[in-house]
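Okay, handing you the structure first.
Order of writing sets the labels: A, B, C and D. Residues in every chain begin at 1.
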Amino acid sequence: MSFPLLTATAVVPAVGAIATAALPAAKRTAAKWLALLFSLITFALALVVAFRFDPGAGAPFQLTESHAWIRDFGVRYELGVDGIAVALIALTTLLIPFIILAGWHDADPLEEATPNRRWRPTQGFFALILAVEAMVVLSFEATDVFLFYIFFEAMLIPMYFLIGGFGDRAGRDGEEEAAGRRSYAAVKFLLYNLAGGLIMLAAVIGLYAVTADQLGTGTFSLQQIVEARTAGTLNIGTGTERLLFLGFFFAFAVKAPLWPLHTWLPGAMGESTSPVAVLITAVVDKVGTFAMLRFCLQLFPEASSWATPVILVLALISIVYGALLAVAQRDIKRLIAYASISHFGFIILGIFAMTSQGQGGATLYMVNHGISTAALMLVAGFLISRRGSRLIADYGGVQKVAPVLAGTFLIGGLATLSLPGLAPFVSEFLVLVGTFTRYPVIGIIATLGIVLAALYVLVLYQRTMTGPVKAEVTNMPDLRVRELVVVAPLIALLLFLGVYPKPLTDLVNPAVQHTLSVVDKKDPKPTVQVNAVPGEGRHGHAANDQDVEAAK
Amino acid sequence: MNPVYYLYLAALLFTIGAAGVLIRRNAIVVFMCIELMLNACNLAFVTFSRMHGNLDGQIIAFFTMVVAAAEVVVGLAIIVSIFRTRHTASVDDASLMKL
Amino acid sequence: MENLIALLVAAPLVGAALLLCGGKRLDRTGHWIGTLLAVASFAVGVALFADMLGRSADHRAMHQYLFSWIPVGGFRADVAFQLDQLSMTFVLLITGVGSLIHIYSIGYMEHDERRRRFFGYLNLFLAAMLLLVLADNYLLLYVGWEGVGLASYLLIGFWQHKPSAATAAKKAFLVNRVGDMGLSIAIMLMFTTFGTFAFGPVLAATGATSEGKLTAIGLMLLLAACGKSAQVPLQSWLGDAMEGPTPVSALIHAATMVTAGVYLITRSGAVFNAAPDAQLAVVVVGAVTLLYGAIVGCAKDDIKKALAGSTMSQIGYMVLAAGLGPIGYAFAIMHLVTHGFFKAGLFLGAGSVMHGMNDEVDMRKYGGLRKYMPVTFLTFGLGYLAIIGFPGLSGFFSKDKIIEAAFAKGGTEGWILGGAALLGAAVTAFYMTRVMLMTFFGEKRWDPKETHPHESPKIMTVPMIVLAVGSVFAGGLFSINESFVTWLEPVTSFAHGHSPVSATTVTASTIVVLLLGVGTAWLMYGRKPVPALAPRGSLLTRAARRDLLQDDFNDLVFVRGGTHLTTTLVQLDRSLVDGAVNGTAASMGGLSSLLRRLQTGFVRSYAVQMLGGAAVLVAATLLMRGV
Amino acid sequence: MSSVASVHSLWTVAAGAPGKIPGPHIEYAQLSPTLIVLGAAVIGVLIEAFVPRAARYYSQLLLSLVALAAAFAAVIGLAAGGFGSSKAHIAAMGAIAVDGPALFLQGTILLVSLIAVFTFAERRLDPAAHGKRVDSFAAEAAAVPGGAAEQAAVKAGFTTTEVFPILLFAVGGMLVFPAANDLLTLFVALEVFSLPLYILCALARRQRLLSQEAAVKYFLLGAFSSAFLLFGVALLYGYAGTVTYAGIAEVVSDGAKQIDPALAGTMGNDALLLIGGALVLMGLLFKVGAVPFHMWTPDVYQGAPTPVTGFMAAATKVAAFGALLRLLYVVLPGLRWDWRPVLWGVAILTMLGGAVVAITQTDIKRLLAYSSIAHAGFILAGVIATSEDGVSSVLFYLGAYSFVTLGAFAVVTLVRDAGGEATQLSKWAGLGRRSPLVAAVFAVFLLAFAGIPLTSGFAGKFAVFKAAAQSGAGWLVVVGVISSAIAAFFYIRVIVLMFFNEPKADGPTVAVPSPLTTTAIAIGVTATLVLGLAPQYFLDLAGQAGVFVR
């Protein structure tokens, strides 16, 4: 039994959360640094995981840990990662330090607030962020359905406090008003997701009942169930499987969020501070799409392909609908939220296209969308914090007074509209191709998304950054060092992954192939067989052949 | 004469008692109705005991009486105390807590 | 040698990175760095060209594989370059003209405090454009394709404080995005059909593919081309794009970027050759646009807008030629190159005029400028002669060939296309003469007190002169025993068209229509003085001033309709989708306060309910048994 | 069935030859938990009679703690002695079962009561009256509130130390209730623990009117329901000719075979059986507070002194569900197909009803009352499973739930304003700002109620739903999760109130409790978290205790 790397990756932030929360009220700055330190350690650990992980190895899950936990429920503490999980863990642990840095002052008590020895919002803020990180990481690592479910649900609570407890300063109508809207958004978020989770609970229990009924002992171990399936010892009746699938999918679709279950997202992202908004859309929501890929598809292959048409249509609606609503938004953050809905549509589309391009693209999309939204949202947050308003109409000509801010904002935006050369393009195009190969019409309609994306991003940029300088923004400071430290690496990453995504694809491909093999789907073959490529470079083949191997 | 009639009587008494509980306002009367129900039960016990030819029923009847007596003690205590505070024994007046 | 190819792209890319991230400390040297790297890229291009000439015709294509870009399953996109004669031509044009315009801009942007960024953008554009023409597969081409789009977006909106500029930039990007949709769909089609989208295999495999698929691919490519090359119906952005600084208009919106569409079609020749329907669509688009652009060009008083119109129509010629297939590709490219010279020259001239007239663009406020800025006048004049196809100058050779080829299409089609091309030539002659007269001849219509027209500095005039030289001789040079055609043939293949009318007749008629056009223009603008305020003008004129109501149409359909759609959707989202959720919650609350009523607080009512419950319980149990 | 035989022989002998009655054979050791508690209760009464006032509080407190601890030790001893599993059998001539479920429930009840005693004995919360520390019970229950007599009593510093023996009596009854193995014992035990509770309800120091009203309602309805239960017992007796579970079960299982024709009318008459069974069932459902027999719950929970409420909410449920389980599993297994559908209905009504009505509550105690109703519904889902898993899941749930409840009500006692406890929800606004710790603790309890993972509430809920699902009650589970979703709504509402609303200027203060309440709450929290994080050990306990002796 080697060093439990995966557990450590989750335990460190958890410990960090406790440590941060324990600091006395006066030690605010210390708390911030402590939180940052722990998040960095976590990231380091995640990197170790990434390096220790070997994409080539045959086993679907690596670095596995397995201990007995609740025998009566057939629950084991089973951790393990495949390429997809590794990528997402890396993303999560990478983003958290930036989120913490970006939110450095978001939880400082208001100046006029009376000092209260007991009430320690700052400590709470950072502790909660770390708590969320721990749970998210665990839910990426869990290979036991029940274990996953536990953290999938539990992470709602700290998220809920983050959304409801902390928001942008001031705003047009006073603090009281804002607090009201905040807690409304928070409650909506929680109830929405809780409802989803509870429906899923029913399905989880159902799954146990089925396994217990057919395997003698009920189990939640993903691998066991998949193996039992392939071995034929376990076959869930069609009706049951579909019900269970729907139970699972509903929860994930709420989390993702998929139209028409999306209405909690704009509120939650709009009312919370932008780092928290990033946490929601870039980190927490990814658990939903990730779970579709890992649990929905692998546990219920038949049901998945049964539901595919409907889901694809919903995803398509999300793409177009989200984009159109984004165009109409007057509030920067809500606009980004609707953009995210559109993007999640793409991710889900890719997952259920059931092609290696689609799912590989979807996975890349999760990572890239995380980074790009983080970049855009955080810069937007900096902008908002300067002016104290989220309304697009309140800005104009910022680019003249704060060129760097405007520049980073533009790059974030360009990433959001997935400009070639930036990371999101790779994933979006893969998703489109992957969908197109199997469902041409849907693929074509989905490409509308790229036009609409350009529309809402450029309109946003034009209205806020260009044109004559508005009076209120004339003496708006440009990005500070801390803020640059947050944004620059993200942008660099966007560029790098846009030009050289191979490390990521190599990481993800085997996992995707495994998923597809479980679902028993093959990529459609091209209609025309092209023989040896004349024009292409000789070095090319060596590199490409192994990809062909990977494809098999 | 057929012991079953006693059962019918018991049932009748029980019903009367129950009806009384529903109809009467005065706590004391309500309480007496409950006692009536208990006694109906006793009657049933004794009858069945007779029919089965074993004594269990009769023994139970004694137990029931004892319990009823205890109930009276507690019940009256409560009713009296609330009567002293509110100067009324109507159960309908005791309806501060609702919804 | 072929390992140098990457350098072509790398040089300007490095420049862009340096200038955009370098910060203030590069403000004073920035423009030199930018120019230097552009020139460097040009030098590399020349070197490669020399090397290429050294080889035999069919071993000239070079290929450089850098790394595997996106490998996912059967999907393999590489970052690899392919430099054949076609690409080479473009590389020289882009880097050459590009370098010249860099130099010109040093002078033109001298007083702009954001000059460093301007050069950064220019370099970025060069890099993207070179990537576009060097890519060895469609996906990488797509990257360059959008890259130039981005650069053009940034440069059109360079003066962002002007709302008009910002809007124009946004419009350009959006319209292009529509085209990009076409390109991406085309790539997807290729992937599903061939399992790859590298030029080599795809173009090789066209024979084995159903015509329907190829037609689809062709049409999608055409859509892309329309977007980028401002062809009908996606031409609306080019006019507004003139909001950008004039060098930008010269480089991007005249010489290079807007011709990318022609490159795409020529490059995908194999596809179009096998898909006649697609080809027909191409020629139709070309013909329509060349007339459209010409007509618009006649009505504009803004010198740059007039030139923009002419750009459209000239590219229309190229597209038309490219649509004609093997008989046209070479000429399309040839006209593209010559056009690159004279149109760039014209724009730089216009820029120099504006430079001297403190940025006045309305030609009605010019007049008689020839003695104030002789060099500009001379270079502009040569460009003018070239574009109207004055015998012996570049335009003459290239355009004439296209008209011939158009007739050579044969049948009614041939007559229609040829006629359109001829008509276009006439109109071109008309509006260019109009520009010429209004700008440099007649009496001055500007107020000498405010404006002091003067010749531009050397750094601006030298590039103009070079371009002028190009626009004079390039055409002739290319046509000496069809050197250009033979040069391109290995890539584009070439077939002699058999035109129903002899070449000499065509040439003669072109010259005739040319004289007609010039004559009318002189009658209208040369003889009688030009009113400083535009007359109301005929219905056609007024329509032409508004780009033949194109924008009004877009505005009505897309902008208004779109806004309406989105706003209604927002309503629906709130009332319907979210309403359903909140409704459930509310109804729960209602139900709750309803059920609360049962809790009356009266013991007796409780007792009643209990009794009822008991009754139900008993009844249910009995029913279960059916007793 | 030895017990039946013995009983019968007893009666026949008695009928035959008087004077030669063999003394009944009682296994005192195995009944020791009950005996200890009841004995202590009697001593408590004597203390009230003979020990001077000043010393009563401490002596009573000591006595109760020792007694309960000893009883608990006895239970452990019995369990260790294997009476939970191998040596499980029926003691006291067939009257009382000593088996796994009985011992488990008795253990739980004893622990709960132990903690309850802590909260009963709390004397730091209410401001001292005339320099004397006072607890939450009336100075002199008999005195008219606000009357001269009461003022005198308060001045004299009287306190109702009788609560301790009364509590012990109730506990005694509760210990017997789930172990009762014949209907008579069941009825007697029911009354033995109900009557003391009626009294306890009336003893609040503040808001006597509500307290007394609660007592009256509870008493009248309780008596009413027990009358029904008794009638049911009578009918069952008529059906089987005996009241021992085993006896009835026998008659139920192999119908009416070897019975003399004379009794054909009654013996084995299914109508009697069904009606009787239904009525007994109703009596028990009343105690667990299941819809439609739940109306007393909110009023009584609200009116009773909060420590008593906590005790009732926790212990009564445990005892009542224990009895319900035994009745259904031992007496009526043969009738499963009759009562299961009925209970289905009841469970669904209870889950939904409790959850829905709770949404609009404005008083924290009432809110918790309705939540307890909803939870009764969840537990019923486990009861319906009719499998060993079902039993153990219910046992586990009861254990988990009772600690959460006690803790929650203990916290409620801390939040006070001028008028005593501030149970108005609106007054709890911004509590999280004032005293984050208390608010956080309460939040933990609420989350446990809501069944959020990593709390005991989730483990329990999962256990019962799992059992239900495995026994084919899938749709019940679906209803269950839906109602927990509804329930989540109002738990969250309280959390919002505490953390996201600005504290009101005249808001309540959080009293600093003595170690007594502190320990109570601490135990509650620990239990909640431990059973949430590592439930396996306790699941094993419950699992081993899953078999009823027949």
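One rule holds in what follows: contacts are C-beta pairs under 8 Å (C-beta built on N, C-alpha and C of every residue); 3 or more make two chains touch, one makes a residue touch a chain.
Not measured: the values here are computed from a predicted model.
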Notebook entry, point to check: Going by CA means, which chain is nearest the middle of everything shown?
Noted result: A
Check: Where the centres are mean C-alpha positions, what is the separation of chain A from chain C, in Å?
Finding: 36
Next item on the list: Please work out the Cα centroid separation of chain A and chain B, and write it as a whole number of Å.
Entry: 66
Check: What whole-number Å value describes the gap between the mean CA coordinates of chain A and chain D?
Finding: 46
Next item on the list: Compute the distance, rounded to whole Å, between the mean C-alpha positions of chain C and chain D.
Entry: 81
Checklist line | Touching two or more other chains - residues of chain C | finding: 585, 596, 599, 601, 603, 607
Margin query: Among all residues of chain D, which ones touch two or more of the remaining chains?
Written below: 216-217, 220, 224, 228, 298-299, 489
Next item on the list: Could you list the positions in chain B whose residues touch two or more of the other chains?
Entry: 18, 21, 30, 91, 94-98
Item checked: Pairs of chains found to touch, sorted by chain label -> A-C, A-D, B-C, B-D, C-D
Notebook entry, point to check: Which of the residues in chain A end up touching chain C in this complex?
Noted result: 188, 191-192, 259-260, 262-263, 321, 324-325, 327-329, 355-357, 360-361, 397, 399-400, 407, 414, 419-421, 425-426, 429-430, 432-433, 436-437, 440, 443-444, 447-448, 450-451, 454-455, 458-459, 462, 465-469, 499-502, 505-506, 509, 512-513, 523-531, 533-540, 543-544, 547-548, 550-551
Check: Within the complex, which stretch of chain D touches chain A?
Finding: 392, 432-437, 447, 450, 452-454, 458-459, 462-463, 465-466, 469-470, 474, 477-478, 480-482, 484-485, 488-489, 492-493, 496, 499-502, 534-536, 539-540, 543
Notebook entry, point to check: In the complex of these two chains, what residues of chain D are touching chain C?
Noted result: 216-217, 220-221, 224-225, 228, 270-271, 274-275, 277-279, 281-282, 286, 291-293, 295-296, 298-299, 337-339, 341-342, 345-346, 353, 356-360, 486, 489
Notebook entry, point to check: Contact residues on chain C for chain B in the complex?
Noted result: 596-597, 599-604, 607-608, 611
Next item on the list: Sort out for me which residues of chain C touch chain A in the complex.
Entry: 20, 61, 63-65, 67-76, 78-80, 82, 136, 139, 142-143, 145-147, 150, 157, 160-161, 163, 165-167, 170, 173-174, 177-178, 180-181, 184-185, 187-189, 191-196, 198-202, 204-205, 208-209, 213, 562-563, 565-567, 569-570, 573, 577-578, 580-581, 585
